[in-house]
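Here chain A shows up in two complexes: once beside chain B, once beside chain C.
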Partner chain A sequence: MTYLPYCIAAWLFVVGLYGIVTSRHFVHLIICLSVVQSSTYLLLLSIGFRSLPAQAPIFSDVPPGSPAVDPIVHALTLTDIVVGATVTALLLALTLNIKRKRGSVDPAVLSPFPE
Partner chain B sequence: MPVGLPLLVAATLVAAAPICRRHVADLTAILAALAVTVTCIWLMRCSTEHTIVYWFSHWPPRGPQAIGISFVIDPLGAGLAAFCGCLVTVALVYAWGYFDAVRTYFHALMLIFLAAMAGFCLTGDLFNLFVFFELMSVVAYALTGYKVEEKQALAGAMNFAVTNSIGGFSVLIGIALLYGRTGALNMAQVGQSLSAHPADGLVVVALTLLVAGFFVKAAVVPFHFWLSDAHAVAPTPVCVLFSGVMIELGLYGVFRVYWTLFRSVPGLDGHRLQLVFIVLGALTAVLGAVMCFSQRHIKRLLAFSSISHVGMMVLGLGCLTSRGIAGTALYLLGHGCVKGALFLCAGLLLHRLGSVDQVELFGRARKFVILGCAFTVSGLGLAGFPPYGTYLGKQMIEEAGAAVGQHWLTWVLLFASVLTGGAVLRAGGMVFLGLGSTPRHDTGSPTSIQEEPETRKGRRYIPVVMLSAAVLLSLAPLISALSPDALTRAIEKGAERFANQPAYQRAVMKGEVAPPARFEATARPTAKGVLFGFVAAAGAVAVALLSLYAERLPAPGRRACSTLFRPVLQGLRRVHSGHIGDLIVWLVMGVVAIGVGCVVAASVLP
Partner chain C sequence: MSATARHVLFAVFGPVLLGFLCWGVCGLSPFGQFHGAYGELLNHVAVQERHVLNVVTSVIFDYRGFDTLGEEFILFASVTGVVLLMRHEQSEQEDACEPHSIQQHDTGVLDPAASDLTRLFTLGFIGAVLMFGCYIVLTGHLSVGGGFQGGVILFGAWVLVLLAYGSGVFHRCANPSALEWAEALGGGGYVVVGCVGLLTGQEFLTNVLPLGHTGQLLSSGTILLINCAVGTEVAAGFVLLLVEFSRPLQKESPGQ
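On to the complex of A and B.
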């Protein structure tokens, strides 16, 4: 049991958030959002990880019952990646349209209701 | 079935888009939404006796392990899904005469939205909860930015998407932590294994992340910034759904998770957690009401009033008693209809006059008598005018608050209803009656924006279909006046089931049909509740008149008011900058605040 993956996941989350907060470009911002999301992949995978001799949960060539990583979290991660891809694609499409309409991709000058 | 059907129809509609006539698509979508509504009502009736558990592919739990994925249907969840179906149907009917440029994609998106909402209400699996939550969110982003030719819609959708995605990640991390601790995703099983140990750091962090993530969707202060931007720019039929059910589903998520997972964890069942929710709710209710009152863009005004009313619902749910849940459920129904009607009226104004700015529209809508009546009546309903269901819900929330020793909730509720109702009535008075002094046209005013009319042709008249949808929604809460006793009793029974964690676990894990609840519903409308409803409505009218005729007040009084309130309002305005970075900073601060609250509540710290 090592804490390293959890620490990295937390660091990715925080650093991604920092990127979003300080971003001056929508594409940069969207990539930062993906960075935040990748922390969730890492977290899920490290939760499913057992001690080192564990391998992929395919029991065709190893006897059933030998240690294997948890397949459920892999399924969850896959779903998560699909969600991430959808969101990223949608946001990039929005960015394209924003660029076309307003000629700028800086979130600082593009608030919907400047007050 | 209520989830699969709309998905299937949506896919068919998109596939058939090139050959499909507009009205065929309209009709198919409306029929599909209606079918979902009917199914959910049927499910609700079936589940009043005992909770229905449906295991996909017949994988019931073996021993203590639930491997399959389940839907767990109880009356409250099914009722909420049915209400989603109702509102989607109305929104689709309204959209019939709405966009000209509308294509079948719009219908498909609406149906997917409905499927996600219904699935969210019915699922019994934590990860499925997240999947439906994300599906709902993604479709909502797309619907917000549907009018791609509009600048503000795009920026609003962007804010909405970024904030809610981070909320979604927060939910996911919470679920992952719980899975790491319990090795299960079925909510009943997770709840069982969590209750074995007192709350420790990991459980508290998971609770914080789940609550915060769902609260982002529910637009509770300080996560509310996205809502005013997104609601103000989204197409009107979509606004109806956002305000009427989507944000409330965020609350449903929080409290479903709390009642099924954390309720019996030693340390988290106490009164201190109650206080966290109640403080958040009160803050939301007050701040939303103040911001609502200071708006002049009608859709944005309505958006802020939704925030305020969500705060009121958090107050009810935050009491953590079944009475509070029942009150909130009732309030949700009344509010959803009334707010939907108001948004539809605003949409009709935009359709007919090309603006939703109350100053610009001053007195220009005098001709539209029916529309004006619907708007005013809904405004009164929003304040809780007694024949409307809203006052009943409020009364039950007050009773729940009093039962846990928080008598001051009454004043928060009164304040929020008076201000939001007053703001709506003020807008109605200006636009439909031309009351008050003619406002100066200050073009550089902070909230004035240009919104493109959503319709190109046919602006000479208001289509009957659209008007009837608005009138129907504004009158729907009156049904509750027919038999308030029966309604409150049914809802309270549902709420009791919602809050009964042991019965939920038995039903899911052992397939046990719970004996009919020996539960006496005691809520019924009281004279005090009715009186408070009248007081709130009268207060709203008074506030509206006062602000309309503010210029005629004696000058010293006016000056005193403006020196008192202007700095506060300006401060609040500055905070609502709409810049994504600021939104996220607030979000992080909110998560930290909730975390501190939960830690203190669980007294993990010595």
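On to the complex of A and C.
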């Protein structure tokens, strides 16, 4: 049980990858990419987690120096979430562009190695 | 590669990868037992050193401020990329269409048939969301919050305008050139605050401003300023994305 959160992160990664491999639509593919990305958030946050009595690393209610979870991984995750959202927007804009230029959003149709 | 071949390859190597990852993560310390020296140290010294109560904020905007600057440039670059792509598309589209056909469909598909009651309640809500967003941006060093989160909440106010009042009103509330200025000022403001450290003869992004009293609004030195810069940039960038994504729909869909 002590390794369950890490294994769920690994499972999320592979599930997202499965979605990317079997994708028939670029928007679906981009969402699967977000699933893969979210596995990194889960991994980072579960590494930094500490069991009670540790709390969030915000010392406005508790005295400074009381046990708290790791703030580094929180900082890494926080910036990544916002930046990930804009990168998703960029990918969606690229998808719109491809739809207009090539008339399709199916990765198989647009493959550099046509069947 | 055919779809079947791809599926077969994944069926073989997907579980292998899963097993490999699980084997890898089992080498980490058990869940809830990791005691990172860096994190532990910051939890103990950040409040005294930087006069912030939220250690995560101090890590993002001070101890690892240079890192966040890079992240912020990724944000800036992707918003710029979206704007470039969508405007290029827009100009191509306008060349293709007759001018009067655009005029005809200008009301757009995003204009919902929102009732007056919905609009009235949303108007009150927009003010509250704006206030809450500013509060979250400004109290990043005191409690839960910061520029990134507050910026996204501020963006929510523009989403409400679009949903309740339709794209016509939204595009009047979201002037692209003003948003571009705000985004550039946010991104540039971060660098300028960093350069203040250089001017005093210390490293880039050194917290050189007076730190104030812990727990007060005007404390934590440069962290507060950087929070405001990031909040401006995130909010302006996201609204700009919404402007660009809501525009083509407006003209393309009725013609189809």
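The working rule: the second predicted complex is superposed on the first by the 110 of 115 C-alpha atoms of A that agree within 3 Å, B and C clash if a C-alpha of one lies under 4 Å from a C-alpha of the other, contacts with A are read in each partner's own complex, and residues count from 1 in each chain.
Here, a contact is a pair of C-beta atoms (placed from the backbone, for glycine too) under 8 Å apart; a residue touches a chain by one contact, two chains touch by 3 or more.
Keep in mind the model is a prediction, meaning the values are calculated, not measured.
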#### Entry: First (chain B), second (chain C), both or neither touched by A:N97
both
### Task
Considering only the touch criterion stated at the top, classify A:V87 as touching first (chain B), second (chain C), both, or neither.
both
#### Entry: chain C versus chain B, contacts on chain A by residue
C
### Query
Counting only touches as set out at the top, which of chain B and chain C does A:F49 meet: first, second, both, neither?
second
### Message
Which partner chains sit in contact with A:P57 here, chain B, chain C, both or neither? Use first/second/both/neither.
### Response
second
### Query
If you stack the two complexes on chain A, which partner ends up touching A:T22: first (chain B), second (chain C), both, or neither?
both
### Task
Could you look at A:I72 and tell me whether it touches chain B, chain C, both or neither (first, second, both, neither)?
both
### Message
For A:Y3, using the defined touch cut-off, is the partner it touches chain B, chain C, both, or neither? Pick first, second, both or neither.
### Response
second
### Query
On chain A, what residues does chain B touch that chain C touches as well?
13, 17, 21-22, 43, 47, 72-73, 79-80, 83, 86-87, 90, 94, 97, 108, 111, 113, 115
## Note on the structure
Seen from chain A, its contact residues with chain C in the complex are 1-7, 9-11, 13-14, 17-18, 21-22, 43, 46-51, 56-60, 64-65, 68-75, 78-83, 85-87, 89-90, 92-94, 96-97, 100, 108, 111, 113, 115
#### Entry: List of chain C residues in touch with chain A within their complex
1-3, 6-7, 9-10, 14-15, 17-18, 21-22, 24-26, 28, 30-36, 38-40, 42-44, 46-48, 53-56, 58-60, 64, 67-68, 71, 74-75, 78-79, 81-82, 85-86, 89, 92, 142-144, 146, 148-149, 151-152, 215, 234, 237-238, 241, 244-245, 248
### chain A to chain B touching residues, read off their complex
13, 17, 20-23, 26, 29, 33, 36-37, 39-40, 43-44, 47, 72-73, 76, 79-80, 83, 86-87, 90-91, 94-95, 97-98, 101-102, 107-108, 110-115
### Message
So in the complex, the part of chain B that touches chain A is made up of which residues?
### Response
127, 131, 134, 138, 141-142, 145, 148-152, 154-159, 161-162, 165-166, 168-169, 172-173, 176-177, 179-180, 185, 228-229, 232-233, 297, 300, 446-447, 449, 573-574, 576-581, 584-585, 588
